[in-house]
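In what comes next, chain A is part of two complexes: it sits with chain B in the first one and with chain C in the second one.
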Partner chain A sequence: MEAGAALCPQCGALQPFDPSLSLFAILGLAEGFVIDPAALRSAALERLRAVHPDRFAQADGRTQRQSLEWTTRLNEAQAVLGDPLRRGDYLFSRHFGQSALGEEMGSLRDPEVLMRQMERREALEEAAAVRDQAALERLRAEAHAEEKQIEEQLAASFTAPEAGRIAPLLQEWQYLRKFLAEIDQYEERWDFA
Partner chain B sequence: MALLQIAEPGQSTAPHEHRLAVGIDLGTTHSLVATIRSAQPAVLRDSQGRYLLPSVVQYRADGTVRVGEEARAEAAADPHNTIASVKRLMGRGAEELQTLAGALPYQVLAGEGMVRLQTVQGEKTPVEVSAEILRILRQRAEESLGGELTGAVITVPAYFDDAQRQATKDAARLAGINVLRLLAEPTAAAVAYGLDKGAEGLFAIYDLGGGTFDLSLLRLQKGVFEVLATAGDAALGGDDMDRLIAEQILAHFAEQGDSSPAWQRQVLLAARAIKERLSSLEEASVELVLPSGKAVQWHLRREQLESWIEPVIRRSFAPCRRALRDAHIRPEEIDGVVLVGGATRVPLLRRLVAELFGREPLCDIDPDQVVALGAAIQADALVGNQSDDLLLMDVLPLSLGLETMGGLVEKIIPRNTPIPVAKAQEFTTFKDGQTAMSIHVLQGEREKVEDNRSLARFSLRGIPPMTAGAARIRVTFQVDADGLLAVSAEEASTGVRAEVQVKPSYGLDDAAITRMLREAIAHGKEDIEQRRLAEARVEGERVREALDAALAQDGSLLQSDERAGIDAARAELLHALGGDSATAIDHAAEAVEKAAEVLVERRMNQAVRKAMAGHSIDEWSEK
Partner chain C sequence: MAYSEKVIDHYENPRNVGGFGKEDAGVGTGMVGAPACGDVMRLQIKVNEQGIIEDAKFKTYGCGSAIASSSLVTEWVKGKTLDEAMTIKNSQIAEELELPPVKIHCSVLAEDAIKAAIEDYRKKSGASSSETH
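Showing the complex of A and B:
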């Protein structure tokens, strides 16, 4: 079983957790924006099987802690690399030393993008005011379509990474995510009302 | 002492050693235990062949505790000391009870922290009450498996928060059970289906128990059980249906009824009985004995029942839709819907769930058993009896957050994040030389602190004094595979570890658990001592009576010094019988028997002589 660095290749014993491994390295994946979701999943499952706390339910406290640390990190790797926005931002921070989505980076400045986001939000508020479920679905589909476009642009941009080109894309995507979360929240509020 | 041995988990043992492991479903209305027998999961039954143990505990005035059917039978007669549905109180504060179970027949004590119940045996926490149930299940398991348990997997509703999970684990600890894992109930059900029925694909597990509702969406694939999202309502269950029916009965007999707990209990039991009957019948009746002593019939048609309980069932749909949204799954993508929990036997529920998901739900495995069976499978895997690659990946059911300025909550780990998970957050000091700070951890989805569950307050001490804003305190929140939270803190610039003091809001702190454990140990010892003493007394009395009878009849056979020795030993025994040392009684009784040997011998000889008197030896040998 391929378990990466977590198990000793000779004796199969769980090794001390190595926090210096990147999220790509821990999964044995090449570092890059484009990832095959199936390969990511199988790499993660293979490693999780080997290090998961369920395998060490009877082990000593130290081994259990190591298992917990490896598994926690594998879960993080799967979550971050499995989401193209988080993957993009993780790669950005690997290249440029900080997240593109933190406060230090400032926010969206492109007036055209800002305008689009404002219009979108107005449309959402209008639809929400009259509980127009179909309009909500339409807005959600549009946002998903734009996410796809941004993902493609990011894939192209990461071939020769430039902070000034990548950061705005990630920030715009972050806006879209917040917008999608708002749609969910409206639906949830109606549901639980 | 075996009762409270909490195993220091040491890993490998001999490869063929079969370890005894069980799965326990600690339910609101019923609890049960299952294990793997000849490679098949099976529920364990009591001496009367029953596998469902009613989750009812009665504290009796004589100091004994009854659990299960016997306790339930007493519920109407002794409502204050008979605790039912205690699961609803786990990890809860007294102020939350209004929104939970409605009117509780037992006395709840006000105060901070976890609710306490007043019983004839003093104050009891829900943890202690649950431990009584678990103790019975542990006994049942050890008796039918013939050995001490290595450990158990105990199931909890997926939607249980940290305090409720911790309370469950504490209860197991009190019952002397080594908890291998806390497993979400729907995940357990999925394991049972996945392994038994070979189910693969996307599954929705709809679990409506007595007092809790969970909906989990899982991806099942070759031994991998991956929870994609879970949602629920920790205070919604079949009990709510019973209560609605009970309200109707109470209203119907408003004139003849009264407010006594006994009448209320009777009505509640009748409500449950008629609901169960209407799952297979179109109409049914129950008999009630009015407080006046008059017996009456109450009649109900299924149609009427359905109109009352439909709102309860519909309340479960909002969480269903939330889980689907969180997992980005459309209902039509689901390959199967599995029903779990006794309340899912209600025909209307099956119809409505089929409508919601657009497919007929599955219920091939007994919905009462399926959770315990799945837990047994995992328990067996966790102690290493199976080499199958079983991998369960669960999620955090409710977001974890911290209190920030203005009484708002900042989420640090969102709901439905796969566990185990860790998140580090940096804090800084706002005053020069500040050496301590306090952090309030909450669980829930709402924005305001008061709308979420308060899990704990941490105070960080031992921060090196620095100018305001210079200290960087990194607080790490780690959620383990049981869904339980642990916190550690470190000052990043100096590497000084800050001391974390945990004050669980509704849990029991370690000191309380230790005290309860000590009491349980003391009680256990006391019980054993008591039993030994009683046995020794019976035996001592038997020896004394036999001696007195022999002396009365044949005392004359003894010489005076022999008689004196026996009398001295007898006096010693009488003295010991008056005391409360079992060992002293045993020794004194032995001494009496020893001293009386001479008497026994003489009596034997005399008896033989009497029998042979007047006969010759020859005569005897010819016979």
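Showing the complex of A and C:
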């Protein structure tokens, strides 16, 4: 039987969820940073359909709970693997035993990464102070372009994973996400001002 | 989330915001960050010839607790020797600002920042100020 399959291929019965399955195995995908988004979507759809609680409405309580558990886990796997940053950090924790973004990593000291964040935030602050919408758009476009670059660097780095090379990429990406959220917040405030 | 009055006070009236020239004599710079929250903190000290921190400045992008923690530390270190400043613990910061458990890491960041600033100063001044006494 295929690892991670929710239904028994012989009798079609819903199998108990195996918590040792990786998020990739839950979706029946090969483990790796590079994923075809369409393949992820169709794998998730197909599996969600197979375990859908409606299909087990007449089943016993235990089976109903299993159906719900599979649904939850599949949704979670799709959400994590569907976001390249979360997927990267999940893979990082699979390789190195912890998230690259959590408190357990301690505070970040990399002066280059930190300097870039400081400069980015200063530029945003200046643009926001004079409500320069065009500058905000420019900063947003730059951040998106950097996200793309980091994604490419991660794809290359995960072929021979080294924590010291991958962690700073994930951390910088996380900073970019917060930065983009900050831009959105400024714009929302202006919309309602 | 409810901030304590002390956090709000430091957030609304941050002490010692700004910076010194990184290469200026007697200046030590500590930069630390917490990517999960998007925090980035720069804390600088200006040390006189007697080895006393005579001025301190900070610039922090982050939540209210991170700003308050760094603001408080710049107040605390003024007039202290480097060795005294090294003994500042995040628990003291958290206690003074009444930080809730989920914000303790902001005080850790501020402790790491002052330690990094002192290390930077000592490295730049050839470690002469501490190891030789």
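The working rule: the second predicted complex is superposed on the first by the 178 of 193 C-alpha atoms of A that agree within 3 Å, B and C clash if a C-alpha of one lies under 4 Å from a C-alpha of the other, contacts with A are read in each partner's own complex, and residues count from 1 in each chain.
Quick note on the criterion: a contact is a pair of C-beta atoms (placed from the backbone, for glycine too) under 8 Å apart; a residue touches a chain by one contact, two chains touch by 3 or more.
Bear in mind that the values here come from a model prediction, so they are computed numbers and not experimental data.
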*asked:* On the A-aligned overlay, A:142 touches which partner chain: chain B = first, chain C = second, or both, or neither?
replied: neither
_Just to be sure I read the superposition right, which of the two partners does A:18 touch: chain B = first, chain C = second, or both, or neither?_
neither
*Mind working out whether A:46 is in touch with chain B, chain C, both or neither, as first, second, both or neither?*
neither
*asked:* Per the contact definition in the header, classify A:191: touching chain B only (first), chain C only (second), both, or neither.
replied: first
*asked:* Per the contact definition in the header, classify A:71: touching chain B only (first), chain C only (second), both, or neither.
replied: first
*Where does A:79 make contact in the superposed view: on chain B (first), on chain C (second), on both, or on neither?*
first
*asked:* Quick check for you: in the superposed arrangement, does A:57 touch first (chain B), second (chain C), both or neither?
replied: first
*Where on chain B does chain A make contact in their complex?*
8-12, 150-151, 180-181, 224, 317-318, 321-322, 325, 378, 381-384, 389-393, 417-422, 478, 480-481
*Under the touch definition given earlier, write down the residues of chain C that touch chain A in their complex.*
31-38, 40, 42, 59, 61, 105, 108-109, 112-113, 116
*asked:* With touch defined as at the start, can you tell me which chain A residues reach chain C in the complex?
replied: 101-103, 106-109, 111, 113-115, 117-118, 121, 170-172, 174-175, 177-179, 181-182
*asked:* Give the list of chain A residues in touch with chain B in this complex.
replied: 45, 48-49, 52-54, 56-61, 63-64, 68, 71-72, 75-76, 78-79, 184, 187-188, 191-192
